[in-house]
Amino acid sequence: MSGNLIVERERGLLELERRISELRAANATQPVDMSSEIAALEAKYQQILHEVFGTLSPWEKVHMARHPGRPTSLDYISALERFDELHGDRQFRDDPAIVGGFALMSGRAIVTIGQQRGRDTKENLRRNFGMPAPEGYRKVRRLAHVASRLNLPIVTFVDTKGADPGISSEEHAQSEAIAMCLHEFSTARVPIVATVIGEGGSGGALALAIADSVLMLEHSTYSVASPEGCAAILWSDASKAEEAASRLKLTAGDLHDFGIVDEIVPEPLGGAHRDVAAVVGRTLSAIEMSVTRLSALSPEELLEERYRKYRRLGTWHAERMEPIGGR
Amino acid sequence: MMQMPDWLRARRGKDAEGRDAALWTKCPKCGEVLYRRDLAANAFVCPRCAHHFRMSAFDRISSIVDGDFAEIGADIAPGDPLGWSDKKSYPAKLRGDREKSGLSEAVVCGFGQIGGFDVALAVMDFHFRGGTMGTVVGERIALLLEEARKRKVPCIVFTASGGARMEEGMLALMQMAKTTAAVTRFTEDGNFFMTVLTDPTTGGVSASFAFQADVIVAESRAMIGFAGRRVIEQTIRQKLPDQFQTAEFLLEKGAIDMVVDRHALKDTLVRLLEYARGGVLRA
Amino acid sequence: MMQMPDWLRARRGKDAEGRDAALWTKCPKCGEVLYRRDLAANAFVCPRCAHHFRMSAFDRISSIVDGDFAEIGADIAPGDPLGWSDKKSYPAKLRGDREKSGLSEAVVCGFGQIGGFDVALAVMDFHFRGGTMGTVVGERIALLLEEARKRKVPCIVFTASGGARMEEGMLALMQMAKTTAAVTRFTEDGNFFMTVLTDPTTGGVSASFAFQADVIVAESRAMIGFAGRRVIEQTIRQKLPDQFQTAEFLLEKGAIDMVVDRHALKDTLVRLLEYARGGVLRA
Amino acid sequence: MSGNLIVERERGLLELERRISELRAANATQPVDMSSEIAALEAKYQQILHEVFGTLSPWEKVHMARHPGRPTSLDYISALERFDELHGDRQFRDDPAIVGGFALMSGRAIVTIGQQRGRDTKENLRRNFGMPAPEGYRKVRRLAHVASRLNLPIVTFVDTKGADPGISSEEHAQSEAIAMCLHEFSTARVPIVATVIGEGGSGGALALAIADSVLMLEHSTYSVASPEGCAAILWSDASKAEEAASRLKLTAGDLHDFGIVDEIVPEPLGGAHRDVAAVVGRTLSAIEMSVTRLSALSPEELLEERYRKYRRLGTWHAERMEPIGGR
């Protein structure tokens, strides 16, 4: 996680933060009043904060979405009223890159599922950096199916670079596992609310994001491929990732404009990790409002609206094919 | 409905001549130099090593469909939602591929008969943007499935794809959701859905409709996978064995129903359609 | 419906006294010698090493059910379809186990409340013919599911079984089909089915209703598997590692939803029933 | 396969067969007429055949069911009008111990599935002696599901010592795999005809044998556990297998009496392997008659009758529990 643009910028601010708190401590014990110096430094701090984080480029947002301190799925899930984790695909393995289970949200039972990256190196290794294996997607499908059976809303959290691209994932039919998630979410007769909380990478993210309501954190990203992957595919040059990031339209604003994202959850200046409790609370409130609204719809209405929504997405125009007119 | 030869001539336009200009082709597998007309006569299978060359959608349709073919969705043409431009603009790339391939997009959809069975058919073509799925591919396939659902005919999709199309960004990814939903509606009504995975089938196409079929057939030696070979090699930092992600490898790993040599493909599809219909109708 | 203490006294009969005679028990895992009353007070969990002793169906029911319990199927009694006899006749074996355990067969079924939720409950008991499934076990469980389906209440089955009962031959095996079919009818109506796998759960019981549940809970350190440990060791001709086929092993292998310590079991079940009901009903 | 009782007995007969055919050959080329000697030998042959195979004990039937020459699933399947094999569980592996796919039976499309043991040592190793792994049972379930979707009858062939009892089978949830087969066959809305053609061992056999019509070859066996397994479980002594075999009631006749088997397909004297074509033909005819009869029923009727059939099986009696009367 070194090389994260946002983390690097925060280093400068950290220095300033340290000085402010030192001054504050000194001010409390020493007779000389340094309140005005402190205030000045704080103003400067806010100014720099605005300069540095006031507007973020798509590439900066990519780094924000990957910030090691950014709240993960479990930060949201553990803030729910209650959570009981369910494990496994019933066949092969319990994939720690996916967490899911029953939860209560203001008294309402839901099934919640999220991609889970690690919050440190050790956990990242265990959770494969939040990149699910086929077993993880089969757990997703199973839990979504349980939700459907018990008529419980599904609340997902999307946070993955993408599905695991390793040998055993190919051997265990990663394509099939993701395709069957898409199938399950397309047919689930219950409300589905998906929230992109960090990085939403490719089909591996979409597998948890076919939903009646898609929320996205302000500085999260959601893209057809990672910028590095896109640059490698198109230009055989992963170093052009920044260029790819700006072209891919992967910000919450872009995706809201396309109709892919229904609601953007604002983040504090500097990113969600600067006030985790507030962001988590705000996000859960927004999710709950969606769940409540969707719960008023019949399964048939939900399925019909979900179908229409995805059926509409895309840009095309009608065009008479020239050669075929030749007859 | 047009007769096949007319339809082919009409849709291929001037390209057909252009391509015929290349009289000789070298087999990428065994190195044999092949006279292009002989190769075409052998269903684009190398007579020496049985390497299956990638087929154009036109050649595929004429090799599979009995006679007539009624294209649908041909008037659905790509937009440029991201205003994409790198070395070339996206519209310029599309124009280039259109001229080179004679295709209007990476899939041709329509209705025809195979061995006397009415079918809905979609054929992807790797020669147009690497068979990538953008809005038009998603839209045409969804349209085909919706129409097939109304007509209650089986649907066969020939896949050939490098995945989602970068230049349409997230709208390309959303075609996975669109096609999946259309497949789901189609199959939930009790209709038969079959895919034929041809070389290569990866990414967003393999992880959506390709693997949602009742029966999944793959052509011999086709490369099929979720992640691309290069991505995996970079991840694991070592070379992958040759047979990794081949159709034969997937058969052993249980991911697909059968591997079929191209020469036997049409007969196989007819037999499968016959089973799905309930058997042989006898007098 | 009888009050629990009455019900327990009534069903246990003289056995309760007989068993209480054994005042001391040695923990098979850590060797600690335990005063039986202390062990019972600790839900039959060794206070030193947390080893979960196998519980009788009576103890289990009284530890899980709120108050009353209405047994059903108690009058279904085993026959001797094969006229089995080896060292003893099958009826003699049944009589012996009945006297030893106070049970009429290897499962006790009925209706009661858990944390205020109406449930159908089946509890298998390893002390009767090793918890094996013969006709009566299949019949009682099918009856329970059919009745639960009528009442639309969730069903929880505690499993503890060495598999199908040899002495009833193929009729024992057929109980897998019978219980499976009953589970299927029950769940297809939208009812919630949960199993709690306790030590040991193997063979015909694990390969039928045990693994057909919406949620599968296992008690800590329970042995769970299809084939018995001995059979596998004979097949592979080597010793298996200690943790093989434990609940914790199965959790890692993705086969079960959760492993729960017995002390937390009732609370867990109540929470799961709450979810299945749709959440907490608030004024 | 050495140690097979039936194979050993056949050795004696083979000697006689050899002598008869030598005599026949000689008779054709030599002037001396040996017809009467040949006829005498043939009569003796028939007599021995009757003595040896006229009545088989359960233990002898166990060996007959395991005879290496006994027709396997593929012998029946390849005698169908047409067969197209389908492979794999779509997730992990194609298990060669299960064969299955589409087939035509007198013009009618069916889905056929069978356990397949090897016909020689090499094939036996590849097919794990016909003992399916969880992947095999997941293939079974998938194919049964395809049949259900396409409204095609399911025809199964049962021939297994049991499900594979290895480490990886336990790791891949053999119990779940079998349980889900039972689930699928319980809910399939199409006719199911199962035929026990060799050894039907335990839950691993039942996974293919929940059916509307269960056929069984005369000298096949079908049991709750293998005789060796039963003896090991009950008496910790596998050598008492013969005793177990006689107690377990595992013959076609016993199971017909119990209502578990609907129809017994006769075998030639000496066993099915002595006239494979005739046995296969007879079996397929019987299957076809069942399929035709069942195809006249609606899915609801099929499901109801199937449920009732298994619901009935067992022997019990009503008994007043003494202690409970105490209140």
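Chains: A, B, C and D, in written order; residue numbering restarts at 1 for each.
Operating definition for what follows: contacts are C-beta pairs under 8 Å (C-beta built on N, C-alpha and C of every residue); 3 or more make two chains touch, one makes a residue touch a chain.
Everything numeric here is computed off the predicted structure, so don't read it as measured data.
Fewest steps needed to get from chain B to chain C, stepping only to touching chains, is 2. In this structure, the chain pairs C-D and B-D differ in their number of contacting C-beta pairs, and the larger number is found at C-D. Between chain C and chain D the centroid-to-centroid distance comes to 33 Å (mean Cα coordinates, whole Å). Chain geometry summary: the mean Cα position of chain A and that of chain D are 53 Å apart. Spacing of chain A relative to chain C, judged by their CA centroids, is 42 angstrom. Annotation for chain A: residues 90-92, 171-173, 176 touch two or more other chains. Among the residues of chain B, those touching two or more other chains are numbered 211, 253-255.
If you sketch which chains touch which, the pattern fits none of the simple shapes: not an open path, not a single ring, not a star, and not all-to-all.
Within the complex formed with chain B, the chain A residues making contact are 163, 165-167, 169-176, 178-180, 182-183, 186-187, 202-203, 206-207, 210, 222-225, 229-230, 232-235, 243-244, 247-250, 254-255, 258, 260, 306-307, 310-311, 313-324, 326-327. Residues 187, 190, 192, 211, 214-215, 251-258, 268, 271-272, 274-282 of chain B are the ones that touch chain D when the two sit in their complex. If you check the complex, the residues on chain C that touch chain D are 2, 6, 9-13, 71, 74-82, 84, 86, 104, 134-136, 138-139, 142, 162, 164-166, 168-178, 180-185, 188, 203-204, 206-212, 224-228, 230-232, 235-236, 240, 244-245, 250, 253-255.
Within the complex formed with chain B, the residues of chain D that make contact are 82, 84-95, 102, 104, 107-109, 135, 139, 146, 149-152.
Touching chain A in their complex are the following residues of chain D: 90-92, 134, 138, 171-173, 176-177.
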